[in-house]
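Multiple structures follow.
Two complexes come next, and they have one chain in common, chain A, joined by chain B in the first and chain C in the second.
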Partner chain A sequence: MNAESGFTLKVSQNKFLVGGAREVNAVVTVESTGLDDGPGQAPATEAVEVIILDTSASMEWPILKIVAARQAAMKAVDNLRDGVSFAVIAGNHLASMVYPRGEHTVEANWSTKIEAKAALGGLITSGGTAMGTWLQLADRLFAPHKDAIRHAILLTDGKNEHETPEQFGETLAKVAGRFVCDCRGIGTDWEPDELRRVSSALLGTVDIIPDPNDLEADFRAMTEHAMNKSVADVGLRIWRPQAARLKFVKQVLPTVEDLTHLGVESGRLIRDFPTGSWGNESRDYHICIEVPPGEVGQEMRAGWVRLVTSGDAPEVLASANILAEWTDEERFYTQIDAQVAHYTGQQELANVIQAGLHAKRAGDLDTATTRFGRAVALARQTGNEATAALLDKVVDVIDYESGTVRLKSMVEKVDEMSLDTRSTRTVRTRKE
Partner chain B sequence: MPTCPAGHPSDDAEYCETCGARIASSSTPSTSAPSISTQNVFEPSISAPSISGPSMSATTVLGVTSPDPVQVCPECGDRLTDRFCEGCGFDALHRQVRRPASPVPRNANPTPGGWAGSTTSGRSWTGGGIDWIAVVSAERAYYERLMAETGSDPATLPYPSRLPERQYPLTSQFLRIGRRSVGRGIQPDIDLSLPPEDPAVSHEHALLLAKPDGTWSLVDLGATNGTLLNDEPEPVPAHLEVPLQNGDRIYVGAWTVITLRKG
Partner chain C sequence: MLTCPSCEILVHEDDGFCEGCGYQLLPRRSQPRDHVEVDLGSVGGITNRGLHHYRNEDALGVVGYTFGFRRGIAAVVCDGISNSPRPDVAAQTAADVGSEVLVQHLEAGFRPDFATQAAVASAGRAVAALATSADDAPACTYVSAVVAPDSVTVGWLGDSRAYWLATNESARSMVLTEDDTLLNHLSESGEMTREEAQRQPQAGALVKWLGADATDIQPRIVSFGPGTPGAVLICSDGLWNYLPQAETLAAAVPDAAKAPMAAARTLVNIALDAGGHDNVTVVVIPFPSEGVHRR
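Up next is the complex of A and B:
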């Protein structure tokens, strides 16, 4: 642990394995406290905020959508701390600058904020939707600010129809991890899967804003949240033993995000996973490593987790070990660590909800019923009340315990999409 | 420079930086390091060829291993990683040894109260020479009666295509009947979440209790769908002990029947 850095790293696991077993599971809790605690002290780190608004033709109707989007963006601009660099992008099948005119960011102050709001007021809607182009423009705006906290907000109301999924995928692969992007879908005509791809690649969140009137508060919350970040580009650096395999690395709190594919080999037996920027907060990660099977009595380090800053001379903020020890004593190896068990349940919950939604869309109602039933039981067992409430709008629960449910005959699309976008949110174990 | 047991030089003196093996071997054995007393521990290797595999001889030096001997289920050909096959539920233990030569203590080392909420403290073997066995299987007649009585659609809860008999020797003071729940830390002794899972069984469904006189009784734990005994049309009262006799049939869930056999 490194108290000075403000970061701590805690490992929760049962290191005991039965002789011959290979899979080591651990939950790693990363907590940052005391970052910028000084009263009124602005974070020393530079910050850049880019707001991306969908201005495709579909935003025009109902008229409230573009009006609400404009107002929400204005509120977000108002919320920027003076000194933060910012820009506003309008996106349809192309991406264009709303403010400033040129392809760069400007420092937020009294007069630039007024200018930006005036430019937002003149926004008009037209054209189609190609989100990849928006993200590329944002990426170019962020490029000169390598060490800054880089955050974008993306608001859309429709499907990505004016570029191929391949083009979109290429763009995402190119910009992945370069900035943090929180995505918001307004109305119910957008694709949760699409926005989730963006938020996953860009370490952000995705949410549905059913009512345009709620946009303002949400934008304000997002900018405030982003302004509170003070350490940019923290990475999880994981060493594994030779002949071992890093099976997966997932963020499991506050949401489930699989980071496995974002890992970059950064040294011998070492892989780095981006976690974006940090304020005072706490996140949990589930790490699974497959090690060569050991003999009873053997002990090893199955993984060495370090939290590092980016740049040419990375600083280690905190570190901890994931261990393995083989035993033939049943009472040791049969214990499942409470944290690991809890988050395994939370991941399964997110997975069965997605499976249920896909089955329902495909018309396989039996499968959908079983999956949602399992989800209801899991949500209850793991104490995830928010997800339980979302499920209640899609199914009638006959028995919580066994997860016996009936699909509701009439489901509002907004409820189904809310379940889709919010089902990756997790909770901590009830007892610490 | 320190060298690990596998011969890798390592800058890290505690764990090898190549294979992770612990280097500092002189340290006192960690408090949790198990002291192994094999004579009390039930060795599955006498029955099935090391199903739980603690006596793997194939493993050599860490990092340089020969492949595990893979156990294959003789019923369905799936890989066998535990006593019960994950594919078909085949009970490898009792297939291999139908009747243990001597009564087998299921758990010679009492499990500490690790499973939250479970009461394992009173766990000790009491079978003084009398072998009681609980046999778990499925009964179609019960299933069909239940479906008809509740007006359920058999399509939503189909009768399992196969349910191999599982035998549980009654060797502790009580056995919990239910379905495993990782989230709630429930690990029943007779776990009906094993495939094919009987979803109508509650997680904590019922108990089999050993009586001082060597007989057994049944306690329903307030299960959602109740517990039936033999041909009684009404479920047994919840939370009350019901004495059991040799040959009694306990019906739980949608199709599960647990038959008690003595000797």
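Up next is the complex of A and C:
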């Protein structure tokens, strides 16, 4: 723990393993407090905001979409703190600058905000959709601001049709972790899987905005949230013992995000996982390490978790140990840590919902029914009321405890997409 | 810099874990209660963690007392109940308070049976006070022995036992206590035959213990005057699970009355060699007692 840095790191686990067991599970809670005191006081860190608007032809109809997008973007510009660098990008099958004209960002102030809003007012729609090009332009805009808090908002209404999935994948791999990008889908013609790939690679959120009228409030909330960040590029640095394997590293609160594939080997037995920028907030991570089996009575450090800043001389903000101790005493090794159990349930919940949606789309209604049934039971057990409410719009529940459900005969597309997009959201245990 | 005992690479001492294999640089920290010996010459006691448990949840207390010209020994053995919270603390508390109150009463001239009764009551209150709520009640068993120049008095709750080990081959060794288990309780109350009781799923469960959740902490007390020399053994089930018969125990330590500490070691080693599955605690007190000579 390091109170001075404003960050704390807390490990919740049952360190006891039965003799010969290999898998160590822990939930690590990272909390930051007192990072910037007092409202209105600008954090010392530089911030860059890039707004990416889909201006493909489909945004024109219904006409409300592009109008709402323009207005929401204007509101977001208004919300920028003076001194923040920003830019607005228009995206169709190509990406182009809306404001400023040149490929760079400008400092937000009274006059640049007015200019930006004027430019947004003249935005016209045409062409197709190639999100990879948008992200590459954003990446170029962020590049000169290495130490800044880098945040992008991406708004789209359609499928990524004008580049191949491979091209898109290459771009995502290239820009992964370089900035934080929150993605919003407007209407119901876009692909949740596509936006999820973007938000996962760029450590952001994804959400559906079914009603264009809600866009403004959402953009305001996103910019406010971004403006509250004060520490950029925090990494989880995890040491593992020799011959051990980091099985997975997942963010499990506020949403389930598998970070495993984002890990970068940064030293002997050490791997760094990006977590993006931080304001005053709290996130939970589930770490699973497979260690060589020990003998009864032996104790091992199975993982050493440190929270580090980026740069050439990273600062350690907080650290904690994940332990393993082998015992043959049943009452010790049979206890499952409450946090680990809770988040295992939440991960399964997100997984069975995806499995249910896939089965339903493939026409396998029996599988869809059992998966959604399991999801209903899990949502109840883990106290995830928001997800339970989303499920209620897709299935009729016959029995909550056993998870007996019937698929609704008529499901609004927006409800199915909401379930798809929001099913990774998690809750803390009710009783800690 | 030092060498890791597990993987033999050079490591910084830092926070006690190897930077390579992750194992603790020192072997498992031994805890103070892993093995405790009390050797007062005329009485020997040992409590040992055993080979399978993570910690020692047994405890013992051994004291000599003097009242006028009478000298004797008082001892307590407690076994923390594993499915209660902090059983190790419960056992240590009961053994400490029990032996302390015993010696106070004996040195004030109270009869051994009265002292035994008073000590159990005090130990029971002390263990009950460890609970933070009804759901958080540490608990333990209790057995005590007062060995005076002319008498032996034992008191107990639970399944820790006292034995009389006769030195003289013609005299009989015997178990002095009767376990407070559901099996005994049901068959004695006449509710069912011993055979029926034995088939009960919880036959070995305790019906009496010390703890805030205990309903009855009235000990059973037995006093007798052995006509022949011998030794009193009090022990936890970590020993008697392996050697339940009084004759077998007596045969294992024929010199118990002459060399009590050696006898205690022998008995603990028997339990460990047989598997050491539970914590094991033994106290051997020769009769007639010569008390403890104070320096």
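Following the convention adopted for this analysis, the second predicted complex is superposed on the first by the 429 of 432 C-alpha atoms of A that agree within 3 Å, B and C clash if a C-alpha of one lies under 4 Å from a C-alpha of the other, contacts with A are read in each partner's own complex, and residues count from 1 in each chain.
We take it that a contact is a pair of C-beta atoms (placed from the backbone, for glycine too) under 8 Å apart; a residue touches a chain by one contact, two chains touch by 3 or more.
Quick caveat, the model's predicted, so the values are computed rather than measured.
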item: Chain A as common anchor, with chain B and chain C clashing or fitting; value: clash
item: Partner chain(s) touched by A:D399 [first = chain B, second = chain C, both, neither]; value: first
item: Chain B versus chain C as contact partner of A:T33, first or second or both or neither; value: neither
item: Contacts of A:F332 with chain B and chain C, given as first, second, both or neither; value: both
item: Chain B versus chain C as contact partner of A:T382, first or second or both or neither; value: first
item: Partner chain(s) touched by A:N213 [first = chain B, second = chain C, both, neither]; value: neither
item: Touched partner set for A:V18, first chain B, second chain C, both or neither; value: first
item: Stretch in clash, chain C with chain B, out of 24-32, 168-176 or 240-248; value: 24-32
item: Touching both chain B and chain C, residues of chain A; value: 240-244, 269, 291-292, 294, 296, 298-302, 304, 321, 327-329, 331-332
item: In the complex with chain A, residue positions of chain B that touch it; value: 14-22, 30, 32-34, 36, 41, 52-56, 59, 62-63, 65, 68, 107, 109-112, 114, 116, 155-156, 181-185, 199-203, 224
item: Complex contacts: residues of chain A adjacent to chain C; value: 240-244, 269, 291-292, 294, 296-302, 304, 321, 327-329, 331-332
item: Of chain A, residues touching chain B in the complex; value: 16, 18-21, 239-244, 269, 291-296, 298-302, 304, 321, 324-325, 327-332, 334-336, 338, 341-342, 344-345, 366, 369, 378, 381-382, 399, 401-404
item: Chain C residues touching chain A - in the complex, by the definition given at the top; value: 7, 15, 17-24, 28, 52-54, 82-83
